[in-house]
Amino acid sequence: MKISRETLQAALCKRGPVWVPSDAGRWTAVQALPELGPIRPRRPVKDLFTPPRREIARWKAGAGPAEIQPAKPDETPGSVFGVRPCDARALLLLDRTFLQAPYVDPHYKARRDNLLLIGVACQPGPTCYCGVFGFGPDDKDAVDVMLTPEADGFVAQSGSPRGQAFLATVEAGAAVPVAAPRPGPKPEWWTGLPDPKALYANFDHPMWRELGTSCMNCGVCTQYCPTCQCFTVDDESFKGEIQRLRIVDNCQRSDFTRMAGGHNPRQVAASRLRQRVMHKFSYIPTQNPGLVGCTGCGRCVDLCPLDRHLFADVFEIMKRINQEAERVA
Amino acid sequence: MNQALREAVKHLFAEGKVKSVLGYREHPLSKAVVATLITRPEDADTLIFDDRCVQNLARGLSRDLPLPVGIVVKGCDGRAVSMRITEGDFAREQIVAIAVACPGVKADGKNLDERCQRCEMHVSPLADVTVGDVSALPKPEKTRAETIAKIKAMTPAERFEFWQKAFEPCTHCYACREVCPLCSCTVCVTDQNSPRWIEQTAKPSSNLMWHMIRAFHHAGRCVDCGECQRACPEGVPMHLLDLCLAEDVEELFDFKTGIKQGGKWPFLMFDPQDPDSWLGGPHRG
Amino acid sequence: MLRDPLLPLPARISERIDETADTVTFHFELLDEAERKAFRYLPGQFGEISAFGEGESTFVIAGDPAKPERLTVTTKRVGAHTEALHHLYAGAVIGFRGPYGKAFPVAEWKGKDIVIAGGGIGLAPLKPIICHVLNQRADYGKLTIVYGARSPNDLMYAADREIWAKALNTELVVTVDKGDANWKGREGFVPAVLRATAPKAENAVAITCGPPIMIKLTLPVFKELGFPAERIFTTLEMKMKCGLGQCGRCNIGPYYVCKDGPVFSVAQLQQLPQEF
Amino acid sequence: MSENFQPRIVGFLCNWCSYAGADLAGTSRLKVPANLRVVRVPCSGRINPLFIFKALEEGADGVMVSGCHPGDCHYISGNRYAKRKLAVLRRLLDWVGIEPERIHFTWLSASEGARYAVEVGEFVDKVRSLGRRNPMARQGVAS
């Protein structure tokens, strides 16, 4: 159905805070729906669900044990406007980590339960490759409502029962035929997803070392990746005020796996690069058939200071492995 | 250019002067220019140099590479390699500098980078081999003084405000540190936790702390390659602060980083004539 | 309401034992009575301990699983957090969350001989097994414990060792790398002493834990003695921050040490990439 | 900022000269403003710029650094290296908008107890006259 910008805005504002990507690409709560850029914002939407700095508890130094105050999950109903399918799909992967019993993250769950995901179809950029993973820029499977911008508003489709219920509450515009889903972009060199088992079987391949020489382990790719969720737990304190925090961390840092005694299983740069590739393209798909730890948003390609294309690298590895296998055969 | 570069590299291999070469190649799939390490002369044919070669490869140098290692250097990269040799990271004979005549690079693919507009060093001062036409290189369009003039003109309160705003988007990802050819500490101050000098999460105090320490550590060492700023996913203009301090170091110690081989970093030496006036009163405004 | 799995439970240190110059054992109890009464753990499981204000780190619970109200950890001073812990004495409040991880399959070991080879602080994760076997003495065969440390001053658990030495059907062999003037016991490295002790491998399981180099040299001795890889167990140490399989750092290949370990048989380890 | 504003000052004093000078001021019963909290360091050359940044971040309004007179350094030339570092540090503070006057450097020998008292007094007055708290001071655990 058709829905005007004003109607949508009113309905969303009535529900609660509306989170949108700001001009700087960060998610902020606003009162009026902004004009979105053509492509995904710089920060993935995971920031709202698993923020880089999340309080677990706080207390005063020297206070009794009863005074440890656990942070309260934010249960304010609201909505996120402008979610792109790649980011929304990534949330399905994060759900697997944070909503899996017995260790459910109440903060993540509260946000997931209370924020309505309003997707907006995007215009893929040159580094996007969501098509590789079988969906496109207007995919509605992981959002509650998917909007396709039109001259004077949007064409809305529901992607979930929650989305359907929401659309039922807004003043319905004219019913319009829904266009067929657009295919997502794929790199021209793409011929198929790497086989997770073949990748894992080549854990000790010399290729990793070679790839390691052109990576500086800056970790920008992980920080902006919509599916990366690694964190650390630490305290910060100032003049007797102490916060226990869950802080974003990333597997590219040499400190990530270094133990207090000094032993570090992933000491060299290449092993950390391998960890990232393996986690996304081998470990996750092996343990969750049908899922891949990447949604093709292309942020890592855009932001890499060394202009690397991780996916192209994986592809190159697989090509070489296959060639070697053929030669042996 | 590419042909000359490849010939030069093959020549170095043939003469046994290098065991490996760090250079640029075009990724066969993504078509982006990426760093590459070649260890066989025949791979020299993958090497390229053009205005897409924005990275500073000096960061990739390591004693674990097959030495001596050749490295394709632009002007700024060469200064960085030179500084690393000065600091004792490498012996001079472990490095073969393949200097390319660099008219400047275009990170966005269209316009000359800001850092290149004020470049006075289009050819590396450290050069074992020089490739390309060094006679036809552009003159700087801008000066460092012009770049930092706006900061100079501010009052202290305005400056503080300016940097607070500039550092605000910092997420402490430390990409600026990872790409910096001279960030060579074994354990970075950000990773020390006993005591913890810089808190891990982003907030006004830790942002300022990190960028001040970063700038201070680079005083007299920064080679103005501007990689920190280019790598920053949030576009924090941290390199501006490096430039401010570079001006001071030149004024105080008459030291220009990485231009001259040998010598010492100004903090590792002193002159009994160093004036006491350095330590008193406001020095500007 | 859901409880944040990262939220520590306050606990009070009831006893502190300085084992060696840099190793301290803390006995502590959860403050909340209901939590304390409900708490259970198995040999080999671990928990996260907080010195409030300094963060958290991971320790295996080194107590007697039959007395779950009295929790025990043995800590070695290696970093900022353990340094802070070592400033704490009886009465101080610390944070605890757990238990996490897979335990040693002690139930499957019933009727078998148990051989334990521990080095230094590596005895800590093995202690609950010893306690468990001694508690249920009739269920298990002979218990052999080979324990080594660098010097007599580095030997831990003096009081426990006295009990173990007198326990039924138990052989305790204590060795040090290098003795001092007062040392009357054995000298020699754990692998060599284990070889000399020669426990029989038939119907027996072996468990080892200690510094990486000791484990590396002990495994071939077990093999020599006839233990198949399926019956040799060890517990791995990796940096962990959550214990829940979420923080993403303790994986070896697709397995998380916190969730799928920390207890592994050598047969399982042989299937994994050598990244630990 | 009122006349009653009491700035918090951290003093890094070298063990061999300046700390002994401060001690002398004390034993001579000289009046030294109580605004100064002293940290004894082995040499002014030991003062890592981090110490000063951290002091400012934790809320110090000024930092006083004092070492032996040139030529008198117990470690021969530690104070001369310190001078170079501090010269750049003052300029860095200036660039980021923190008044360089918040950092006071002085050479002070073990016999100069009286001058120590005067220097501290003057420095406290100067920091007070800057008219604002150190902008770098943290306000809370999340700031």
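So that you can tell them apart, the chains are marked A, B, C and D in the order they are listed, and the count of residues begins at 1 in each.
We take it that a residue touches a chain if its C-beta (ideal position, glycine included) is under 8 Å from a C-beta of that chain, and two chains touch if they have at least 3 such contacts.
Values in this document were obtained by computation on a predicted structure and should not be read as measured data.
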Margin query: Count the C-beta contact pairs for B-D and for B-C, then tell me which is higher.
Written below: B-D
Note to self: I'd like to verify one number: the distance from the centre of subunit A to the centre of subunit B, where each centre is the average of its C-alpha atoms, in whole angstrom.
What the structure shows: 32
Note to self: Can you compute the centre-to-centre distance for subunit A and subunit D, using the mean CA position of each chain? Integer Å is fine.
What the structure shows: 48
Item checked: Multi-partner residues of subunit C (at least 2 other chains) -> 79-80
Margin query: Where in subunit D do residues touch two or more of the other chains?
Written below: 138, 142
Margin query: Let me make sure I understand the interfaces: which chain pairs count as touching?
Written below: A-B, A-C, A-D, B-C, B-D
Item checked: Residues of subunit A defined as touching subunit D within the complex -> 58, 236-238, 241-243
Check: subunit C touches which residues of subunit A in the complex?
Finding: 56-57, 59, 61, 64-66, 68, 70-71, 73, 97-98, 102-107, 109, 200, 203-204, 229-235, 237, 242, 244, 246, 249, 251, 256-261, 263, 265-266, 271, 275, 278-279, 282-283, 286-287
Margin query: Looking at the complex, which residues from subunit B come into contact with subunit C?
Written below: 193-196
Item checked: Residues of subunit D defined as touching subunit A within the complex -> 138, 140-142
Item checked: List of subunit B residues in touch with subunit A within their complex -> 22, 27-30, 32-37, 54-55, 59-60, 65, 169, 171, 173-175, 177-179, 191, 199-202, 227, 230-231, 233-234
